[in-house]
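To start, the structure under review is shown below, and the notes come after it.
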Amino acid sequence: MTTSTHLVYLIALPLVSAALLLILGRLADKWGHLLATLVSASTFAFAASEFFAMRSRSGAARATTQKLFDWISVGTFKVDAALLLDQLSICFVLLITGVGTLIHIYSIAYMSHDRDRRRFFAYLNLFIAAMLLLVLGNSYLNLYVGWEGVGLASYLLIGFWNQKPAYATAAKKAFVANRVGDVGLSLAIMIAFAQFGTVSFAGVAAGAPHASSAALAAMGAMLLLAAAGKSAQFPLQSWLGDAMAGPTPVSALIHAATMVTAGVYLITRSNFIFDASSTARLLVVIVGTITLLFGAIIGTAKDDIKKALAASTMSQIGYMILATGLGPIGYAFAIMHLLTHGFFKAGMFLGAGSVMHGMNDEVNMRRFGGLNRFLPITAITFGFGYLAIIGVPPFAGFYSKDKIIETAFNAGGTKGYILGICALLGAGLTAFYMTRLIVMTFWGTPRWSRDEQHPHESPALMWVPMAILAVGSVASGFLFTSGNSMVHWLAPVVNPSGAEGGAELMKPIVVSLLALGVVVIGVAYAIFKYRTVPVEAPEKVTVFTRIARRDLMQDAFNEAVLMRPGQKLTTGLVWADYSFVDGLVRAVGFTLGTSSQAVRKIQNGYARTYALVMLVGVLALVATIWMVTL
Amino acid sequence: MSILTVLELLPLLGTLVIAFLPKSANRTIKQVAFVISLVVAAVSGVMAYRFRSGTPGFQFVESRPWIAAFHINYAVGADGIALVLILLTTILVPIVILAGWNEAEGGRWSVKTYYMLMLVLETMMIGVFAATDVFLFYVIFEAMLVPVYFLIGGYGRGERAAAALKFLLYSLFGGLLMLAALIGTYIISTNQGGGTFDITKLSMLQIDKPTQNFLFLGFFIAFAIKAPLWPFHTWLPGAAKSATGGTSVLLLGVLDKVGTYGMIRFCMTLFPDATKTFTPVIIVLAIISILYGAFLAIGQKDINSLIAFTSISHFGFITLGIFAMTSQGLSGATFYMVNHGFSTAALFLTAAWMVKRRGSSQIDDFGGLQRVTPVLAWSFFIAGLSALALPGLSSFVSEFLVLVGTFTRYPVAAIFGTLGIVLAALYVLLAVQRSLHGETKPGNENMKDLNLREKVTIAPVIAVLIFLGFYPKPVLNVINPTSTAVMQHAGASDPAVKAGK
Amino acid sequence: MDISNYLYLSIILFTIGAVGVVIRRNAIVVFMCVELMLNAANLAFVTFSRINGNLDGQVASFFTMVVAACEVVVGLAIIVTIYRSRRSASVDDASLLKR
């Protein structure tokens, strides 16, 4: 362990900048976006220097810590505010600051016509700070602060145009779904403290081998719930589609590249829990597999370009979650796919933003078509991302996704076959819906009116970031896999025991060929099916398409099972509170009131009656005393 | 003379000064009241500075005979728990006075009366936390009802008289039960060699179990009404709906804390065996309060009663933490009292400003305020985030401590309590969406944003919420030794770590 | 003469006073009857003082006289005020407390 005194600036800089922009208000309108971008860029530069410094050290000295102060200390519950930068977190820090900076630059142009551009950049910086805290915290509780911080930033950014009620609702939905996940994280932290007496990663890792399997399974399940909330995994995935209400750069940064992958980080970081509990691992692979298919199926039915990409994000994170459930060897592949996905998906989202920018904020792909002639750069960069996600060699997705499919097959037995086939199926579906997206948007004949739409290429401020991400989509996969560099780099953190994967079921080349095969089928079918695209979505479709268009009924389910009964319960309780609980109180008051109405008749106002009553009373008293003493 | 006595006398002195001012000199009266409350805050700051944290037991003690025949003393002193609550009081009063600068004008009585009541109330609030003589505590506990009754009934809105009466009767009922238990305790002390009302001496009594149970209930019901715990809560929404913003802040922010404070100071200290007997029941009541309050908050249409129901939920958390009988639970609950004071203050003050500008307290009459009054909207939003215990704000630290403290002893209760955080997100964000987001509703277009006075008022509250969220150590350091002492006295210790190495 | 005769007289006077308070309407007369009862009590005090051979009763009767004097002052003042405002000294007319 190396100690550092300046890690905190990674978080403090964007945080201060965000606070400054928010507090100064309109005063900062002129230069707010420049400051925010500068701050973001400087965090990237700082992160890069940390990365090279880390490479120059070796072994255990690579991890760097900084203790800031005692945060909470009550009895044995002691939590420091402390940061940890190790091989795992540096990957995230580079991704967050790097992609974050590109998106800052992109947004300068994209948001230039918005009167609240400064506020937008303040939120972006707030997000960067919170996300960095999430990956840099050295204990679960520090992570939790960043965890909810990114939730807040996401809420603010999704609801950036909250004057539209639907957008405000989408923001709220995202926050509440995330909070359900947060219950999981809270409970996981409580279990950690009750079991191990500490909530720091190191402490829990040291104690994990001594804990009962039930406790480990419970903690693993709770961590998975947290990951499901943040990473839009089944059954908490329904918020991600609606979250596309936010400005497109937000979708690229938060809802594609970084925040939604926090769940993968959480599980990878907690590898000591999942390695020790096969039950927890099983739950993880189930959730991952369901989501990777779920998202892919939804992706095939969406006409909104951003929602199609969102469904794809869900599905790709499903792959990562699946990988994390496959034992010590899977974590590195999950992180690898996470990083490559960060490049190509962010690039594609920015491309979608560029298309919307040129098409008057139109998002319906049925009204696109033939745009490659009007937005050539966008089309090319988007194409690179496309080739990467469907897994065409030598683009990045080929390396990272193949590794996951391979590891899934190697999980052993029936489980291995099921997981492997599901992962292959997902790859085919991915190829299908992504080709559909490309065909509908960039190919074919224009389906937009030449009078209203004047598609044009975006300015350099927007296409340069896209181009850089496109380069990443090409090169990153090869970079990470050559000489197994990623696996070796992460091994001290995620695979300290040096465990190997399961026995090879098939030669890797066979798996790759199989994957390529399903991809070719998916692509071919999509091209065939979308030779012509009707401008209006066809009404006469199978029931499966209809269900897929409605997000596989997840919203309907939530509404019927949670929301409506919840509303009924609330109304019922409001009524019961008035009628019963308060009613009881009012009944006491009413009884006293009426009985006193009856009794007060005795007070007739005549002084002589009072005198008589008094006299009688005195006589009665005297008589009583007399009788008692006699 | 103890610094506590000085603190108690200062507002009284202010009342006296105001009494000699002419009725029409509203401006001077307000200035005097504000300056006095600032001086009190400053003196309490000196007290906090001189407080030796790290030591349990009472400091700044003073005791003078009051009613010698019954061994009743004017006895004051402050330990860690009392200190932070006194500081909460002295900080909130000037904020309340400044925030509601023009609040008293529409009242039934004069502005002068309003500020005299306010300062008298401050004296009593300090006194109730400082009292170490149970009888003195009881007297102030009951006497506090009087100024609050007049503040609600004379200066509130809507059905203020009815709300004030309900509050008064409810509290008096609880107070009577407490008086009975108090006399019972005194008689027991007389039988065990020398009657006394001194809290330290009373805590040494040997009381048999059945008697303890009765006496415990007498105290506990009084405090449960004050706190308020389900099902004794129904006076609160009405009072909060009718009272002025400032009164609501003091009522929910400080006065209700006397309930939870009393549970620690009297129920647990005087009757440890009975506490153990009743803990399961109380834990259940606390859980019900948390969930019930949250559900009702979701269903409210009036912004003030919404805040009141969120408080019922939060008091559930505090009670849960107290009776979890762990150091995290107890310290967390005490810290929660402080944080809840500031967070409710922020909520009620911003809500009061919104209500005053709009002329209605129905949430649906607002809408789209984010665009019209950004600073007000942000203040309300941050206050809301504090109510939903967002990490980084102080309420998170306390809520988490309560939950983690509860989990180590009663995991199931903690799981139910944790569900409350989802509901908290719902009630806060629903209110935020309905009042701040969406299109600006007709009637709101010309709303004015916060003026300088209002900004100056809300800024320190938000600053405290954020500061204590990141650095709660100063407060926790003061609380910890006292809560450890309380736990030791009650014969409880933290559960051991399960997977020991 | 048997000393208990004073007590009988006291009882008779008290009864006359009590009956007077209950049945008369004129406030002045009611007032005088109250005085009569007070004096009956005084008589009893003095008698008991004599019987017991100490001065306690006599002292008590002094107190009663002082109280009676005060009562006369306040009572008459009230009666006069009521008479001024209502032109009547009937106690039944002063039944405002009923409502």
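Letters are used for the chains, namely A, B and C, taken in the order the chains are written, and counting of residues starts over at 1 for each.
One rule holds for everything that comes next: contacts are C-beta pairs under 8 Å (C-beta built on N, C-alpha and C of every residue); 3 or more make two chains touch, one makes a residue touch a chain.
Note that the structure is a prediction, hence the values are computed from the model and not measured.
Undergrad: Determine, using the mean of C-alpha atoms as each chain's centre, which chain is farthest from subunit C.
TA: Ranked by distance of C-alpha centres from subunit C, the top chain is A.
Undergrad: Average the C-alpha coordinates of each chain, average all protein C-alpha coordinates together, and give the chain whose average is closest to the overall one.
TA: Central chain: B.
Undergrad: Measuring centre to centre with CA averages, how many angstrom lie between subunit A and subunit C?
TA: Here the centre of subunit C sits 91 Å away from the centre of subunit A.
Undergrad: So what's the Cα centroid distance for subunit B and subunit C, whole Å?
TA: 56
Undergrad: How many Å are there between the centre of subunit A and the centre of subunit B, using C-alpha atoms for each centre?
TA: Subunit A and subunit B have C-alpha centres separated by 37 Å.
Undergrad: Within their complex, state which residues of subunit A touch subunit C.
TA: Its residues touching subunit C are 603-608, 611-612, 615.
Undergrad: Using the touch definition from the top, list the residues of subunit C that touch subunit A in their complex.
TA: Residues 18, 21-23, 25, 30, 91-92, 94-99 of subunit C touch subunit A in their complex.
Undergrad: State the interface residues of subunit A toward subunit B in the complex, per the touch definition above.
TA: These residues of subunit A touch subunit B: 22, 25, 69-77, 81, 141, 144-145, 147-149, 152, 155, 159, 162-165, 168-169, 172, 175-176, 179-180, 182-183, 186-187, 189-191, 193-197, 206-207, 210-212, 215, 569-571, 573-574, 577, 581-582, 585, 589.
Undergrad: With touch defined as at the start, can you tell me which subunit B residues reach subunit A in the complex?
TA: Going through subunit B, the ones touching subunit A are 166, 169-170, 230-231, 233-235, 292, 295-296, 298-300, 326-328, 331-332, 368, 370-371, 374, 378, 385, 390-392, 396-397, 400-401, 403-405, 407-408, 411, 414-415, 418-419, 421-422, 425-426, 429-430, 433, 436-440, 470-473, 476, 480, 484, 494-495, 497-501.
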